[in-house]
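Next come two complexes built around chain A: one with chain B, the other with chain C.
Moving on to the complex of A and B:
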């Protein structure tokens, strides 16, 4: 809202009111009140989100003098990264892994959200939601590490199977591969996918499902033609919420992949710290961000028909 | 008005329990083909539950529901020859108006172009010609309802079920839609079953009405019978306004029932005026406000009259309601009088005479 409108809202612009002190007018202005309300959050976001991003962006155009940064404009970092086959390979792997994680997470989250929304008694829903958040009670690092305990050479799965006499020596394919990374990440991000899908399903008027059946469709077809399209905003949110952070995940490839299956975040870490080349690391980070942004926007564009205003 | 008089829907001793709650208590009734039938009652009386047993959204605990001679047990909602207009209209928000109306045509063998024409015709029938491309969520309440009607009628069901379809509309549009629905029903000749809590709506629209209280049908009759000869005080009170006067049944002679009515004296009525049970003892008689007439100076009652005092006057423009306390009564009776040019509205406190006729009385236990 612009200041012009505020003045008109503030009074019917007759003489004495127009002459009111600036401070009084400001206090009555909705726009000013609005800015005041969001200012603490805005400030916080600016300092902790925007500032690091700007720094990163700036660094990516600077030159690297070993252990120092030379503030001279250059595109070398971008040229080096874009022509780097390691970057291309790791970026591809990152996209592939987080694509798999997203697919696995959303596909498993949907039935849970559906059950929660349609089959759990309303009085018990809060308890179920509470249970779903249990994985968050321990830190992400510990959860990832626990998967290592479960899948490891002498881990829970292997010793269990050996105990049962099903295998002679431990299975080695459980850990240190893409599957184990996908498994770990899917488990970690499950609640993030369940919740938005659950919310979208909760918003569906149950009469719509009856209407679907009333108009001659079976339960399955009603799901396909009514429930699923109406749940899509939640599914799309879940996809983005899972896809965007997992592509930059650092801990899981490091621990579960055992460093053998690095992803793009590990590359950034290597450039920034191991090589101590912050401008080059920054460029990798900026390019990764751009790629994630493009993929996300493409995904949104492909699904825009589900996101048009409803109700 | 109706295309066929054969039974379209039959309820045979239908019971429905929700846990311990007995929602339907032995409903038995027949709804004729081509009839505009209403289920009328206060909220919680089971009328919507009964409607949903026809649609197939509610299983019944015992008894039977038949549609067009076919047993509906184990027939799911999507296989029943019924379509419903939901209270919330249940318009699919992610689809356009035309996609909503054509929703049920997926397995229709006609070509795409023919289906599109059918959709356009259905929209025209409900007065929404040219609205097909609009987004459903951008429609007004009245338009949503028309879309819901078109969406159901395009499938040519044997029975159209309407669950309080007009309750969300404001008064003007509601009255307009009542007339349109009646016309539409005559035009398509489909059996309409309407659920409503609005007695006026039921009287205006229906061929027959089932009045329900606490999971039972209290009375099933045409609107005029329901209004003129309600079979219980409860039905009488639910439909319109009725004055009740205490009375004693003093005897029966020559096929007539003799009463001693407070404020009116000795009265003889026909057995038809006592739809409930009528042995001796205390009872009450009911009179509709419009069956009573205030007599002005010099006017003579054709039948009988009783003196009283005007206690309250409510002026409605075309009508005036008077509350008159008849001599010998401890409460007043309501009288509705059409306002005629040149006849003054009486003041509170005026002594007057009230004409009444024994034929307009109804006896209740």
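Moving on to the complex of A and C:
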């Protein structure tokens, strides 16, 4: 039992080691057990996530032959993509749309998260969270399509306004533009913004707020100087968790934009499948990911003072 | 009297969140081929049309197969992660868990095209199986997150008591651990099933000639004539998701009650 106990205590005792205790040590070591246990999932992710991402990266440096890929190093795909005015325009639009979606989603989500955390009775919180997440779990395609129904030429808004006699002709600016894409995406990603902010607000020690007011701050100033800074980690998480996936959204530009307002995901699809040029498509994907990563890191760097002191 | 601005705002926001889902059944039962107001009259013909549609039947069967397999595999893989993360400390844990969780934030288009490139290069033909491979990848983080809560709430002394009473590692897991985390497992199965059933991009890239429900819906959205039936289909899907989620939530709460931790609510 001797070897057993000191292994449990960290297992870094030195001295002569025989084969049998070594095996026992390994079997009882937390590190070995942890890695063994997580290895099936880690292996799956390695084979089906890491390996494909590395392949994508490698292909972006290869040449495209007819129906094959020629494994010769080239920078052509990058040159072609970076000098392509279509790529530049779509990337710019994607960044702009994602930025707007993130701003709209986080700004509208914050009051909801605040209401949930500070005004809803603890016993009802789980029910509210459930209510908020339900629409998120229901058919994404159909939800997006219904926004088209709501905003369309003969849609709900237009026919409603006509019934009421407020307009004679259907409004045309509702659909097939950037605003409608922003609205639809904000709807889709709402829970992603609400939940992280809510979690951050829940962690705030309520005594701090009372202290702020006892020391003579108004409610507004207490919010500004205590609540908001403490909620910032949640806000930052919300920004990233909305921004990164929306920039790669394929369905909404396709359906709501009517195919006329493509974003970068549509370009990747077009290069990969329609043009059947895998290396070029890979290069577009790699450059897009790099740009998203740079923007995210910049954003984190700008906000690092709020994240300091976090565990 | 003070006007409860925040409360009114919360109500309005809920209305915004639910607007599409509330409109769906209106059009599914509406006796008109054009999706617009005013409503024409009540009909169930779109549901009847749905039941007769052969392509839809095939897509549904494909989707059920894919969603069931993905849910089982993702939950199994998620259990390894949750158990390892809550029970053991080991070097590189944060890194490996973070990596497994990566599909949560990675745009799905990137996951899809990178898998597509590899599968085509290996000469694997696209089918329901390749969709399952992708869906397991994106469902596992959700499964791991749900199961993490269940395994994290587990009282270790219960397992130690079982060891002391002479149970083996395996029998302890079966008799003590498994029943305690069962609500989490059921919840994880249902959530993974729902995600897979609804997933479009990966299926779009990796299904080849075999349609799934979302890819079938996407192909039909281009034809105005087929829209009313899609509305009926959507109504059924929404009703089913709500049912599954309610069951999942019930089990999640029961799990929370069973282990006696504070309910923080929500799946994410």
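By definition in this document, the second predicted complex is superposed on the first by the 286 of 311 C-alpha atoms of A that agree within 3 Å, B and C clash if a C-alpha of one lies under 4 Å from a C-alpha of the other, contacts with A are read in each partner's own complex, and residues count from 1 in each chain.
Everything below uses one rule, namely that contacts are C-beta pairs under 8 Å (C-beta built on N, C-alpha and C of every residue); 3 or more make two chains touch, one makes a residue touch a chain.
Remember, it's a predicted structure, so these values are computed and weren't measured experimentally.
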Query = Just chain B (first), just chain C (second), both, or neither: which does A:147 touch?
reply = second
Message = According to the stated criteria, A:265 is in contact with first (chain B), second (chain C), both, or neither; which is it?
response = second
Ask   = When the two structures are overlaid on chain A, which partner does A:234 contact: first (chain B), second (chain C), both, or neither?
value = neither
Query = For chain A, which side has the bigger count of touched residues, chain B or chain C?
reply = C
Ask   = Taking the superposition as given, does A:59 touch the first partner, chain B, the second, chain C, both, or neither?
value = second
Query = Can A:214 be said to touch chain B (first), chain C (second), both, or neither?
reply = first
Task = Pick one for A:129: touches chain B only (first), chain C only (second), both, or neither.
result = second
Request  = In the overlay, answer first, second, both or neither for which of chain B and chain C A:226 touches.
outcome  = first
Task = Share the list of chain A residues that count as touching for chain B in one structure and for chain C in the other.
result = none
Request  = Flag every residue of chain B that touches chain A in the complex, lowest number first.
outcome  = 55-57, 76-79, 82-84, 86-88, 90, 92-94, 103-104, 106-107, 135, 137, 151-152, 155
Key: List of chain A residues in touch with chain C within their complex   = 30-35, 37-42, 44-45, 48-53, 55-56, 59, 69, 108, 111-112, 114-116, 119, 125-135, 137-143, 145-147, 149-150, 152, 154-156, 159-160, 163, 187, 190-192, 195, 198-199, 202, 240-241, 244-245, 247-251, 255, 265, 268-269, 272-273, 278, 281-282, 285, 289, 292
Note = Residue positions on chain A within touch of chain B in the complex are 205, 207-208, 210-218, 221, 225-226, 229-230, 306, 308-311
List of chain C residues in touch with chain A within their complex = 6-7, 9-10, 13-14, 16-21, 23-24, 27, 34-38, 77-78, 80-81, 83-85, 87-93, 96-97, 99-100, 102-111, 113-118, 120-121, 133-134, 136-137, 140, 144, 191, 194-195, 198, 200-201, 204-205, 214, 217-218, 221, 230, 234, 237-238, 241-242, 245, 249, 253, 263-268
